[in-house]
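Below, subunit A partners subunit B and then partners subunit C, in two separate complexes.
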Partner chain A sequence: MPKSVRWFALIVIVLAVFGPMIPQLMWSFATRWFFPNLLPPQWSLESWEYIITPSSRVAEGFMNSLKIAIIVSLLSILVGLPASRALALHNFKGKAVIEWLLMVPIIVPGIVSTMGIHLVFIRLGLTNTFLGVSLVHLIPCIPYMVLVMSSVFANYGTELEDTARTLGANPLQVFWHVTLPGILPGLMVATMFTFLISWGQYVTTLLIGGGTIITLPMVLFPFLQGINFSAAAAISLVFVAPAILVLVLTSRQLGEESSVMGGFGRL
Partner chain B sequence: MTVVTLNNLTRRFDNVIAVNNLNLEVNDGELVAFLGPSGCGKTTTLRMITGLLLPSDGDVLFDGVSILTVPTEKRGAVMVFQKHLLFPTMSVAQNVGFGLKMQGLPQKEINMRVSEMLELIRLPGFETRRPHELSGGQQQRIALARALIVRPKVLLLDEPLANLDANLRLEMRELIRSLQHELEITSIFVTHDQEEAVMLADRIALMFDGELQQFAEPNAFYERPSTAQVANFFRNANLLKGKRVGNQVETALGTLTIDTDRVVQPDGEVLLTVRPEEINLIPDSAENIIYGEVLTQVYMGTYSQMQLEVDGNQWLVHGPANFDAQVGNKIPLQLPEPRIWLLPLERKLK
Partner chain C sequence: MSLKRLLMLSIFVFALSLSIGIVAGQDDEGLPGFDSWEDVLAAAEGTTVNWFMWGGSDTINTNVDTDIGERVLELYGVTLNRVPLVDTADAVNQVLDESAAGVDEGTIDLIWINGENFQTLKTADLLYGPWAESIPNAEFVNWDDPALAFDFGFAVDGYESPWGHAQFVMEYNTALVGDEPPTTFEDLQTWIHDNPGLFTYPAIPDFTGSVFVRHVFYWVAGGPDPFLGEFDQDVFDEFAPLVWEYLNDIEPDLWRSGETYPDATVMDNMIANQEVAYNMGYGPAGAALNIVEGIYPDTIRTFVFDTGTISNNNFVTIPFNAPNPAGAMVIANYMLSEEFQGAMLDPDRWGWLSPIDPTVYSQDFQDMVNGFELHPATLPPDVLASNALPEPGSDWVTAMEQGWIENVLEN
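Here is the complex of A and B:
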């Protein structure tokens, strides 16, 4: 691609992603901004001051969202890494069924499955708990983890690991010195997906958390329905910040490692 | 150092037999080639020696002791694969020193031995290079160094020359030969290229469809192939059906005299063969002459190659470069008595 075209593409992308946030940013510093004013008549820090007060529960929601997203990411790795390796490198009975089942959460709306899960979780005493919410978040997360990682594993193959074995490395050493460094870029991207999917969950958190587990989307929604656009805009920006941060941190892997994104061809 | 023995080694994948009842012994310090078309079970055999794959049946012994229960990392059988040679996340020094690091040697000693090894493979000072900065030939040499540095009991090479161009092949072949001689490591390499096997190996184990056909020195495959299939693999398809009676073979094209000291095939139905380059196109007597019809003639520079029809079989004959066979003619072929070899008759052949 010529340089000018690349620059043009970059500008378009930046505008498309960040452009819609400009009015939000203005709203978050505005008070009483109505038609036909092009700019807010009055600027203030009112909304930002409001959302850092404990009574707004923004900080609490932020921390809960963060905790849950981290737990979900770790659990996704724990469950998804062995599964994706098995699917990528081994042939076994029922493999096609498992691959299909893994796609189901992407196809079936979360609200449908979560209502069923809700009943089970009530019996297990998992409703209104951190663990319950984390577990239900796993359902939409694991498919992405497995999709990305199985293509990473398939690409990486086993020859390097086999070489390491014959050179005297035990299975644990092979994983630590050979497998992990090799799959790390892919793992970072997959973890980013699971983190962001968990971060954005609303319906599942609402049903399983039952209003006890307050995450950031739970704090944000009432404001969107109300009339305090200014506060809603400020919370939205807080909500989107980690997503942008994670995206920037992993953008290199997204762009360079074609193998990382290969799994999406299968979707 | 190490004698490798394979006893009735068998490997099945579901219903397919990849390696069938393989028996052979590789001597201490010997360089053996597993030769055969792809899918003949040679790489499967290597993997069973390393322990990366368990045999369905049979045994692998190092110095007379079964090693089936020894895990891969403790066998001392190092394998160099065809592709994915170096660990991409490590520098050259880390790659070469990998085995020593796994043994828990102090970094200082590792560094020293890595430098020595890089010197030995004629890539001194390459420690800090990354794998992607190296050429294919350099990567191959580093992979070899990484294997040799742990002083393996057995060195296993999977198609070591397959991904190299002609010049590098020659260089790499010499390097493997000289290092293997110098370090006296029992080595087995897998190849599908018969010339490569002949030039590099002390002995060749030829495999078809998971079965050992012949295990012998390279010249035996030219002079004393065990079956028509083996002869064919070594580019000799000149076959003539006959019946051996004492020192004579009766064929549809006349009776030929053979050297009874050389042939081992007993009296009865046989296939007679003579290599393309050993047939006389200008007979020096009237003995052992058969006639063949010239189908094509190709000028090869230092010789000319003719395709002939001999009693329904296609024969290949090499003659002098300036020989004029005239396509369509029937020409005399003298089969020198000491060069005639007899093979067992296989039913599928005419």
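Here is the complex of A and C:
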């Protein structure tokens, strides 16, 4: 690609990702901003001051969301990695049914299944706990992990693993030195998906957490329905910050000509 | 069944009914599960109360945490955990779910509630109590006032304790309407036809849209009386066509020619940006607070209809499986105190109306309240009080809402 085209593409991407956040940023510092003013006539720190007060519960929600999203990402890898490998590299009876079942959480609205899960979790004593909330987040996360990783594995040859084994590597060495480097870019993208899906959960957290586990969406969503655009914008910016950070950190993997992009082509 | 077994059974049933009677007798004294208020205070000290309430206003959130949370911690050692909700129905659903799963100890101690949500929980027998008439500060509450004894026509029976008082007001932008807003439905009709596109009301089932339509019913019927008792289809059929006629007459000149109706939060934004000239809502001080917060321009004022506007009260209630009813009652009790009601009436802090007659409190309190300087966008309490109308029964509300959808929205 010529350099000028690459620069142009970069500018378009940056504008598309960060452009919509410019009004958000302005709103978070704005007050008395009415039509027909194109720019806020007055600036104010009020919303940011509110965010740092304990009353807003933003800091508490941020930490809880972070903890849960990390737990969920790790659990997704633990469950999703073996599953996606098996689905991509092996043929077995009932494979189509399992693939379909894995996609169901994407198709069925979360609120429907969560109502039922709530009753089960109550009996298991999992409501109002971090573990319970993490487990319920896992349900919408796993399809994405499996979907991305099975396409990665589908493009992944096992020949290198065979070679390593022939040369005397034990299973752990094979995974660490051969498999993991091969799938890492895809794994990072899949983990990013699961992290962000857990990060955005509202109804599931509210029901299973019973109000004792306050996450960032629980603090943000009431404001999205309210009229204080400034406070809503400020909390929204805190909410999208990790997403942007994760995107920037993994952008190298996304940009490289890796099996991830090949994988998407097969979807 | 042998005679002996029948006899045994009837003795058993008799004994059972006797014991239920004894338990019920204890309940009549209030504060179920506790012997006295001292008992409640002792049980509450050092505990946490999970209070589920709508969380979309930073002002209310902060005020609750400071004026209630910090005070009950200082006075009674009770920690308040305020759980913000998008919709109170979320808390109601959680209690219903827990009851279905047989959970004796849930997580919700206190809910900010009124109307249909309260009726749902009380009808399903999912509330703790009765307790609200037995807490010490209940003496300040005039339980004979139908607006406190009934919540949207549904008997309260001591299962919820009053918090704030609300009254419907119309908001208007003086920059578009001038200083003399149309305060009758006839004048409003004329104004709408003369100024197409600048008036609308929220779509039902939004409760603000619903209460606007109730006012039209009161106006065509010459007052609220026909709608206060049991639902009567004949009475409804007598007035409803006139209401639909009025609303369909103004419809072509509403915002976007009445092809669609906004929801209430969007309307707050629409009046702020001059997309419409009017808004409406249950908070008489809402416009003033929005002006102070920079959400509304300075030109917004409020008015009530000459035929009056509907007022109601909001309450707090305790679910049947609250883990900490003692702490919840301590908070509810504090909310009826002179100290808190005074903070709540302060136009610079809460700007709310009180469900309590101020004369039950000290002279100092009354002097303080009389000395409050109202924001120019807030109507004086006596103007509001003299124009206050009761809510109809909730069966009436349902019929009116359904009728609006069939005859106005889908027409």
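To be clear about the criterion, the second predicted complex is superposed on the first by the 241 of 267 C-alpha atoms of A that agree within 3 Å, B and C clash if a C-alpha of one lies under 4 Å from a C-alpha of the other, contacts with A are read in each partner's own complex, and residues count from 1 in each chain.
We take it that a contact is a pair of C-beta atoms (placed from the backbone, for glycine too) under 8 Å apart; a residue touches a chain by one contact, two chains touch by 3 or more.
Quantities reported herein were computed from a predicted structural model and do not represent experimental measurements.
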Practice problem: Go through the superposed model and pick first if A:48 touches only subunit B, second if only subunit C, both, or neither. | Solution: neither
Practice problem: Going by the touch definition up top, name the partner, subunit B or subunit C, that contacts more of subunit A. | Solution: C
Quiz item: Touching A:157, do we find subunit B (first), subunit C (second), both, or neither?
Solution: first
Quiz item: Thinking of the overlay built on chain A, is A:130 touched by subunit B (first), by subunit C (second), by both, or by neither?
Solution: neither
Practice problem: Tell me which partner A:175 touches in the superposition: subunit B (first), subunit C (second), both or neither. | Solution: neither
Quiz item: For A:165, is the partner it touches subunit B (first), subunit C (second), both, or none of the two (neither)?
Solution: first
Exercise. Would you please give the residues of subunit A that touch subunit B in one complex and also touch subunit C in the other complex?
Key: none
Quiz prompt | subunit A contact footprint on subunit B (complex, rising order) | solution = 47, 50-52, 71-81, 83-84, 87-90, 98-99, 101-103, 146-147, 150, 156
Practice problem: Using the touch definition up top, name the residues of subunit A that touch subunit C in the complex. | Solution: 31-35, 42, 44, 46-47, 50, 53-57, 115, 118-119, 122-123, 127-128, 202, 206-207, 210-212, 214, 218-219, 221-223, 225-231
Exercise. Flag every residue of subunit A that touches subunit B in the complex, lowest number first.
Key: 157, 159-160, 162-170, 173, 177-178, 181-182
Quiz item: Can you list the residues on subunit C that touch subunit A in the complex?
Solution: 50, 52, 54-58, 61-62, 65-66, 81, 83-86, 90-91, 93-94, 97-98, 100-101, 103, 106-108, 265, 268-269, 272-275, 290, 293-295, 297
